[in-house]
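You will see chain A twice below: alongside chain B first, and alongside chain C after that.
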Partner chain A sequence: MHEFATEKEFSRRNFGRGSLGVLALAALGGPLLSACSPGASGGGAAAQAKGTLPDFIRYEGVTPDLKGTDLGIPDVFYRYPAQPVKALGQAPGDGKAITSMVQTSSPIPPGVDKNAYWQELNRRLGSDLQISMTPATDYPSKFATVVAGDSLPDIFQVARGANSVPQLLQAKAANLTKHLSGGAIKDYPFLANIPSESWSAAMFGGEIFAIPIPRGVLQSTIQYRREDLLAAKGITAQPTSFQEYLSLCKELSNPKGNTWALTQVPINFIAQTLNVPNGWREEGGKLTSKDETPEMKEALEAGRKMFADGVVNPDAFAANAGQFKQWFLAGTAYFTGDSYSAWPAYYQQAAGQEGFKISALDVPGFDGGKGSLWIGSPTHSVVAFNKGAGDRLETFLHVANWLAAPFGTEEYLFRKYGVEGVHYALSGTDPVPLDSGVGQTQLGQQYLADAPTVLYLPGEEDVVKAQYEQMNRVLPDGTASPVEGLYSETEVRKGGQLEKKLRSVRDDILQGRQAVTAWDDAVKDWRSGGGDKIRAELEEALAASKA
Partner chain B sequence: MSIETRRKPPSPLGETTTPVKRRKQSWWQRMWRDRMLLAFALPGMVLLLLFHYVALLGNVIAFKDYQPFLGIWESVWTGLENFDVLFNGDPDFLNALRNTLVLTFIQTVFVFPVPIVLALLLNSLLSERIKKLVQSILYLPHFLSWVIVVAIFQQMFGGSGMVNNFLRSNGWAALDILGNPDTFFALLTSQVIWKDTGWGTILFLAALSQIDSSLYEATAVDGAGRWRQLWHITLPGLRGIIILLLILKLGDSLSVGFEQIILQQAAVGVQASEVLDTYVYNNGIVGGSWGVSTAVGLVKGLIGVVLVLAANKIAHAFGENGVYKA
Partner chain C sequence: MTTTQYSTSQASSGASGRKTKAPPPPRRRRRTVNGVEPPGLIMRAIKGVVLTAACAAVVLPFLGILSTSISSPEHVTRNGGFVILPDTLNFGAYQSILSGGVVTQALAVSGFVTIAGTLLSLFVTSLLGYALARPGAFGMKAMLLLVLFSLLFSPGMIPSYLVVKEVGLIDSLWALIVPSLVSGFNVIVIRAFFSQIPSELLESARIDGAGEWQIFSRICLPLSKAVLAVIGLFYAVSYWNAFFNALLYLNDSAKWPLQLVLRTYVVNNAQLDQGDLSGVMESMPPQPSIQMAILVLSLVPILIVYPFLQKHFAKGVLTGAVKG
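After this line comes the complex of A and B, so read on.
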């Protein structure tokens, strides 16, 4: 599925290339989320509480093969419904061009004049949808520049990690409260199908200024393994402690053959085995950062040992997420950290590799027992509409509604897979992408509006089933961030820089350039540099949200 | 840029046979006379104005608490607050400054002369064909972007790259070439030399070809050897261009390679690799401290101007032309 294939979780914090992808991914589960998806403006969460979230009206048109859960595990489908329903009667557009701006993680597709998919999309929308795409890593800079130049398009994805988002949206984005709050959203049934937990990320000062791109739990980062390669070596059992994992990695690494067990030091995975909190730990309204916990230092020591033992690719700190994926796919690494979204994507990228099979590790305790997975944010990012939209605002919302048509509808089938015979062929009722159409359909439209994610990979029932089962084993013990959706101005302004400094010390420690004790000083600097202020602001917002 | 001087009486039409006394023309008349030349210069002027001078106005955000969504006009004035990092010594800034100065020193003292030496070597090649071939090969790396160069270095010298792969498969210990903070400057310097030395020889080779060959013949008759010729003819012949390039180099000497460094920063850590340009980027664009970064950039620009002016003064003192005449 394209939305899977194109997903690459980037944030300001892992903006620096080559840092540990796992950490970067997991950072999303951390306090940054409050930066990505602030819950309220200066007034804190109290202001948010005043507003009314849009009603949640679940789309009941299709029955999943395996039902999703309240934990955020998505619905599972083995096959695409035989007769997809055309869910919307008329084209949402008004005949005039609509400009938009999104991030993308795919190669830039052919322009509209050479792109049959884009032309058909415009025809179905009833408006020319102009999309300006920017690679995800550069999007925050692009977004900041466009904002500074005051040239925001009609519809824009708010960059994750953008500064002062509440003030920015209040100054530049259309207020959607009247159209979406409470029962008003029923005019846009597919926006109403977006779960409430995601909507809180789009509320600022009690008003709705954006629509969220929901992701359920898919932004959580897990440790993948090459099940096919491990089985060939007779290894099927999951490691049940850190020591077991380390021994396994030592057994698998073969530097002479240019093969290492790990693509990078799995520092966040180790931290999760030690039950390090997901960003913050909350006790009686008091917050402790994950970096302040003694367990974090244990994790660093364990990570340092792993790197020193030579089970990690020596280029881990110089390489980027794309290279990690390559090593993993090429079998020169057995384990890699990535988000849940990557599960089906790896299968698509490994097309042609006979017997390719992956699975994910559960999260064991460091010394046996159970660890706790850091559950990622339920919201990928938010999308806003230009304040100058005027009467066209409803048109834009209808376009967004169309773009959020859920799995099972004809609109969804077209949106993700294109036109039968041109972009995909039917195998049974499943769309199988054709080489000729590949690349045309990835316009970044999933970042303008999207339906809740489902687990579905055409013709790969076992794969989605395995993922669903792993999720059900791991997620009940997982930890959500206690500050999800809470906003701290200092976090937004200085969090990225502070995090970068910590990360730089962390990388030094992992590579043995500094002693683990250096962490204490780094955390002290973090606290005095703004960490304590972030904590205070988040605690205040937390108290307000509970009141 | 007057064509007046090239007009030689009598005119082709032979209307006048005696040189006319130069009448003072008005500004507009001169403009009109030179309109073609001006038209040629115009696109360049527009580009220069738009992207070098108009853009300078943006420096005003060094004195503001700039917020992109407010825009330049609406953002609050903060006076010299943004310059605090410079005067109160933010440790990260000082670290970046120190790294920058070390790199500037290395690049000026060690990297700058390399193309001169290479140009002299090339010049001493007798076969024109071999010379052309060598030149072409040496020019090539200049046209590769830093992304490609860094990728090539990673494939060759990375922890799992070709060299280390070879070492390991023969039972030797692998070398940490790209991830070693202690040798990072040496790595940067060798990359710069590999990439740009060939290209840098062009101007020197042009200058070498201008040296009158009769001078060499004359000294040869007087019994001067190769070294004496080099010292008394070749180097003095190159002196003007060397000084000119050195002054220009000083002007942007604090720009020590943004792309090259940011691409390799993760492997060695910020401590060893942060320079002013990456500091500005990491703080300004990534970290959102636009004002502070602009302040740093502004000061950097001012230092560059001062260096150029000072170097030019010194050049004049030594009787050279420098970049412009006093």
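After this line comes the complex of A and C, so read on.
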């Protein structure tokens, strides 16, 4: 779709110009994030047809309790293996320092001189791994600045929503094709253990310029429910239609008791019950945005009704994701939308709440039958290596390989939990983080390279089993985005801004400030403002990927 | 004569018809303050209510932050993440924050940047303000225009980064000070203050043999304590609150100031909508009590400084505002 710019063409000025747009969007309150939709996660579709993906060689060294599926459902482990396999014989580093740059969603850890975990990591790697961490919300700004200043480190996570990613990587990142393409990846067995669907986001122009951070289906957003609170009211059955759900929500809401059924209007969930497409609907190579479908207007009308019926926390439109989590944990809401990855995290945060139990709604059809879950992108982001790596490139790849050692290995145990007695204690064979060490292990190393995710929550066999079963019930009917891994420059540059405008109208409609008919004008504006261009670019990329 | 007759007849008719009206009591003089009558009871009550509400609007969030920081995590969670009154005195959040060493180190960094930055900024700004306040100084107009220009246009993030990189300040704490050493607004304020010092005073000093440096340091500065206090406060607050320059210029998180560390606790996951939860928000935000505890830590130093500088505040700001 896009001709690659030469290094000269990918000038600081070009990137800066685009970056200003990114930053302007960031200043507008995070619409950048919406550019992180699967379609914007990178990938040169035109070239994928020509390039060769790395072979997928599943790591068989550890046997899961429940095996994952090709749909992206992860392996399940009830407990950590008693004798973790030492998967790699020698340290991957070359004794020299390795610089890197990643985002982080965790509080910042102590510096390396006061961090026993970091020191041990360096010892095991055989190189000093210098990690420059940036809060996730600010990472696009930092990334744009560092690129413009030509200060990229040895290994860098490409910011989600960054501009001109194909051009950027060709100009600034090492070409990994000969090291990873096809069977060549077998030298890096843990990178080979990353499923193929994640690699499409790391290929540009038929060549591999990055390694993906895989997430399987965990980035899909589902509707959680407080199983314990509902059971106390004698409610165990799942709603089988929107009307049933709405009735249930009305029954549960008690504004005088400061309790509402929902943290926010579950517009995405309603859209899924109406089988609104996941981002785009593809028919004969032609794309239709989910926002253009008549079902989306039905979803808006249903959402508006929910809000008008008083089943949603009235502060929903002023609150943020962190507050939704708190309301849900506090039991002042019975349902909330969140990603699959939050399932075990809720249990960890609710430790101390007697009988805390959550589950997730299946996706019913709006009028009965079945809806379709929007399956999230299998790739969180991609990580590239500095073009100037020279003969150290293989060392960097071996380090990435070490960092991608899968669950059940000794390397994974150390990477995620640290050192026994210092950062965790064993409960049976399961590591239990110690308060004294928990802050040290969050270096953002999971954004340099990572293993495929697994479902594992020590001591909570029922919890992971329930999640696995829910996934198996829902995901076979789920819908993946037809433009997954395809790249549209207009979407990256303008998509967030356009999406923000749409969301503003959406929120007005849901709160009853505008009629649902206002949606038509909003979509018209979206199309003329860049939506049609995004569609054209994605259609072109789609056609090329099928060629 | 006619008048007297009329008066007599009035008096006689009054005596015969009805009783003479008693003279009205002397009108009670209302107390005034500076010639303005104080408000009545109702108005005072309304004022009291309004002021109390205004104070509550300011104090309650602070109280909530403090209470949440010292409540048990369970109590906070039960109440949806924010409480006005604590259930117990639980300092676990503070222990948790201060035990890792990250926050204490960040406090030290912020302290250094704020103190060193404020002193240097005051020094440089007052020098520049003094030069610009002397009519006829060489290049004054051009320099003044440059200062005004900096008020209207900022250099932008990437050009600033390139300059900081080229002068070798990446990963240095001086990168947090040098680029923001001079604020155009503060230069204008201090220049206005210096401009109103009588030129006769400076002339007499000059006749006594004082040079420019002596005039500046021995006459102008001692007369400018109020404005220096205010500008010092402006600088201190801006150095204390700055986080974005640290984000860009410091790769080593061990050198981060408190506000940036605070950001990783409080803001990191707070700006997301439902559609954005996937991927970006991969970990749960820290317990609210920890978030609030770190807010308290970041607020306290500035709250301590304010009362000491308050007396200078109005005077210094008004000078700049009126004479600018």
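Criterion: the second predicted complex is superposed on the first by the 503 of 547 C-alpha atoms of A that agree within 3 Å, B and C clash if a C-alpha of one lies under 4 Å from a C-alpha of the other, contacts with A are read in each partner's own complex, and residues count from 1 in each chain.
The criterion applied here is as follows: a contact is a pair of C-beta atoms (placed from the backbone, for glycine too) under 8 Å apart; a residue touches a chain by one contact, two chains touch by 3 or more.
Everything quoted here is computed from the prediction, not taken from an experiment.
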Which superposed partner A:330 touches (first chain B, second chain C, both, neither): second
Partner chain in contact with A:314 - chain B first, chain C second, else both or neither: first
Touched partner set for A:423, first chain B, second chain C, both or neither: neither
Which of chain B and chain C A:148 touches, first, second, both or neither: both
Touched partner set for A:511, first chain B, second chain C, both or neither: first
Partner chain in contact with A:167 - chain B first, chain C second, else both or neither: first
Partner chain(s) touched by A:179 [first = chain B, second = chain C, both, neither]: neither
Which of chain B and chain C A:105 touches, first, second, both or neither: second
Greater residue coverage of chain A in the superposed arrangement, chain B or chain C: C
Overlap of chain C and chain B interfaces on chain A (superposed complexes): 16, 19, 141, 144-145, 148, 258, 332
In the complex with chain B, residue positions of chain A that touch it: 12, 15-19, 140-141, 144-145, 147-148, 150, 163-164, 167-168, 171-172, 255-256, 258, 260, 313-315, 317-319, 332, 493-494, 496-497, 500-501, 504, 507-508, 511, 513
Contacting residues of chain B [partner chain A, same complex]: 67-72, 92, 154, 158-161, 164-165, 168-169, 174, 176, 178-179, 181, 263-267, 269-271, 282-283, 285-289
Chain A - residues contacting chain C, complex: 16, 19-20, 23, 29-30, 33-34, 36, 99, 101, 104-114, 130, 132-138, 141-142, 144-146, 148-149, 151, 153, 160, 215, 219-221, 258, 264, 266-268, 320-327, 329-332, 337-339, 341-342, 345-346, 348-350, 352-353, 376-377, 380-381, 435-436, 439-440, 442, 503
Complex contacts: residues of chain C adjacent to chain A: 73-74, 77-81, 96, 99-102, 105, 156-158, 161-162, 165, 170, 244, 247-248, 251-254, 256, 260-261, 263-265, 267-288
